[in-house]
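Structures follow.
After this come two complexes, each holding subunit A, first together with subunit B and then together with subunit C.
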Partner chain A sequence: MSMGINFIYGIMKVINWSMGEFFMIGAFVQYILLTSFLGATYWYVGVVISALIVFFLGALVQRLLIKPMFVGIIEAKMEYATIVTIAMAIFLRNLAVLIGGPYIYTPPDYAGPTQILTLPISGNRLVALIGALFLLALFYYFIKKSWTGKAFQGVAQNRSGVQTAGVNVLKYDMLAFGIGTALAGAGGALLAPIFLVHPMCGLVPTVRGFEIIVIAGLGSIPGILVAGLTLGIAESLGSAFINPSFVDIYGFILLVIILSIKPYGLFGKAEREV
Partner chain B sequence: MSMLSIENVTAGYVEEIDILRDVSLEVKEGAITGIIGANGAGKSTVLKTIFGFLHPRQGKIKFQGREIQNNLPYQMKEMGISYMLQEHSTFHDLSINDNLLLGAWTFRQDKKRVNRRMEEIYNFFPVLSERKAEKAGYLSGGLLRMLSVGKEIMSEPTLLMIDEPSVGLQPNIVTEIYDLLIKIAQQGTTILIVDQNIMKALEVSDYMYMLDMGEVKQGGPKEDFEEDIREMIKVSLMAE
Partner chain C sequence: MDDQGNQLLEVKNVVKMFGGLRANDNVSIQIEKGEIRGLIGPNGSGKTTLINLITGIYDVTEGSIYYYGKRIDGVKANVIASMGIMRTFQVARVFRDMTVLENMLIPAFTQGQSGSEAKTRAEELLDFALLTRLKDKQAKSLSGGQNMLLQIVRGFMHKDLKLYVMDEPFAGVHQSIKGIIIESIKMMNQEKGVTFLVVSHEMSTVRTLCNKITVLCKGERIAEGTMEEVANVPEVIDAYLGG
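What follows is the complex of A and B.
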């Protein structure tokens, strides 16, 4: 989730506020796939299909709504994108209510409860953890090693410079948006049995996603892993030692502490003007 | 023969404000053409308009006989035009090697050619080959400029456009960069260069154009210019 937001921001310098809704769509698609077509055993196939569907949806949204502002010289792109993506979020959420109703759907479990050494853990959470790590690793490898990944790094670092190299930036903007939303969609599909499936199910992950990005510092991939872990530990310790009802607050307290010590986040770099 | 011609081009960034007014100029094949002029005369805008970062409101741009005024930058690159930006066109967080690799983007499928070009560029810039794995962000201004040149000539362009190669560099490095450009031109690349450093531009160019307030004041073979140079320098000094 954080990866997706971060990636789109890195490439287009635009924050996609409707990420939570793409997460929700991923979860819904996964639910429909598992209950009507695939069955619980093939949940991993469902994750791939959900991610693909969300990818095309994201790319389409970018093409229709976001791309027009990158053609020609328009000021205030950021404001435009903010309004468009927030509107998207409200629209998609209500569309989900219209289609699915205000119900909470429970997808089948991906795996039964298991035990790591002496630690009992829910199978769903283990699957989500492994799945997320796998996605991160895959994404990292893709960005660092492939030609396309290098082009993405180029676009993020120097938009004019990558154009003089012959990269069609408008096409890569669309791809980036698609990949970013696909990461959210895959997240939604992976976490469906944990967060359950309903029109608002993308809200909490979005808030977490932004928390993690702010803690990590915009633009850092390893930072996301560390920040995610830190946030998780803070929440667990808080609920164990203080009070489990305030679980969402501990993350914010951590955020405030980190920002007051390192304003750019743990791994963020100060913006450099040349 | 003229490789590139600009015919009565009017262009600007914001509506109703023209930076270039009815500009016409020609770039002859195999020659070095220089554009000079004061700050804000529209020199860089000419290059941006040719490369498609900016589309002209009026007029035509022809490259090897084909009209290109509506093309996008990546299409220009595919046609064989390279453009070295005034600001750095390199990627600070990528290694020198990756920076050069991105210069080979248009023929990335052709592994053999990529490897051959990499080797040739490293032979051309031995300093860069010693620091392959270093991030471009750690390079000095002069080396960065060399890396930019390297990245842009990776694709063996037919036309190389260079914006202010000497700006912000110490004199001996400026000479080094210009020597490189002459070497590149001798290998058969046509060059269009924009520079505020009139003396340097005059030294290397075969043809010159002088821009002032977005209009071509004078243009033609360098010899025709020699008499006016004194006047031109005076004008440009006064303008600054």
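What follows is the complex of A and C.
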């Protein structure tokens, strides 16, 4: 989720507030696939299909609703686009209520409870952890090693410079939006048995995603890993030693402390635009 | 691409408005293949606006621009680049977090050049520009002049470069780097037949480098010819020295 938000912001300078809803769509698609077509055994196939479907949906949303603001010279286009994503979030959430009703759907487990050395752990959580690490590694490799990844870096670092070098930035915007939302969709599919599937299931991961980005600093992929772990540890320690009822508060306290010491986040840098 | 005799670029009665400001006012310029054209004028005369129009950064308000006889005003900047028109900016627009070599490879990527072919060409150009020792350094660690040089040689990565539009390539760069830039322009012009449109305030450099000069003032074209010819035009003297 954090990686998707970060990526879209890096390329388009637009904060996509509807990421939670693309997460929710990924979870719903996964639920339908597992309960109606694939069965629990092929959950990983479901994750791939969910991500692909969300990719195309995200790219379509960008093409129809956001791209028009990036054609020609429009002032405050990023702000307009951000507002569109807020409207999209409300629309998709209500659409989910309309189609699926206000019910909570429970997908089958991906794996049974297991143990790492002496530590018992939920199989679903282990799958989600390994899946997230795999996606992170795949994404990192794609961005750092492929030609397309280099072009994405170029778009993120100097939009007009890369455009006059021959890169179609509008095409890359659409791809970035698709890839970013697909990451959220894959997250929704991976976490479906943990967060369960309902119209609001993307809310908590979105809040966590933004917390992690702010702690990490915009634009840093390794930072997301460190910030995610730091947030998790802060919440676990707070729950264990203070009070588990206020688990969501601990993350925000950590965020405030980090921002007061490092205003750009742990790995963020002050932006410089030419 | 259609061959229109010796003419490469034609800017025809171009007007660019920014609200009530007329940044370019009925400007017409023809550039022939193989020329090194200078574009000069006092600050605010519309030079950068004109090259932004030629390279697709801005849309024209009125008028038209033809390249090899094909109308290109309204065409997107990346498409114009793919047609063989590259440009540089006054402040070098390099990819700061990429290495010098990676910066060089970006234009090659857009043309589908193979990795090894592009890398060989990039290394040759970096060698020419004396940037080889910096090829694995991030662009942000380079000086302003080195970044300008990198920006310029990056444009030479275009396999089918026809017109290179340079916006103040000599501004604020060290004398030795200026020498390399001039040499690279001459080499690409003589050996590869690349046409150049160079915006510069450095009259001595423009005089030695450019065959023909166009002078803009307050958005209008006020003179055109060799440096000696334009230097004697009363409007040019007036524009530079005040009336």
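Keep in mind that, in the parts below, the second predicted complex is superposed on the first by the 272 of 274 C-alpha atoms of A that agree within 3 Å, B and C clash if a C-alpha of one lies under 4 Å from a C-alpha of the other, contacts with A are read in each partner's own complex, and residues count from 1 in each chain.
We adopt the following convention: a contact is a pair of C-beta atoms (placed from the backbone, for glycine too) under 8 Å apart; a residue touches a chain by one contact, two chains touch by 3 or more.
These figures come from a predicted structure and were not determined experimentally.
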| item | value |
| --- | --- |
| Simultaneous placement of subunit C and subunit B on subunit A, clash or fit | clash |
| Which superposed partner A:Gly166 touches (first subunit B, second subunit C, both, neither) | both |
| Partner chain(s) touched by A:Ala81 [first = subunit B, second = subunit C, both, neither] | neither |
| First, second, both or neither for A:Gln153, with subunit B first and subunit C second | both |
| Shared contact residues on subunit A - subunit B and subunit C | 73, 147, 150-151, 153-154, 157-158, 160-170, 274 |
| Subunit C-facing residues of subunit A, complex | 72-73, 147, 150-151, 153-154, 157-158, 160-170, 272, 274 |
| Partner subunit A, residues of subunit B touching it in the complex | 13-14, 51, 53, 72-74, 77-78, 82-85, 87-94, 98, 101-103, 105-106, 108, 151-152, 155 |
| Residues of subunit C defined as touching subunit A within the complex | 55, 57-59, 76-79, 81-82, 86-87, 89, 91-98, 102, 105-107, 109-111, 115, 151, 154-155, 158 |
| List of subunit A residues in touch with subunit B within their complex | 73, 147, 150-151, 153-154, 157-158, 160-170, 274 |
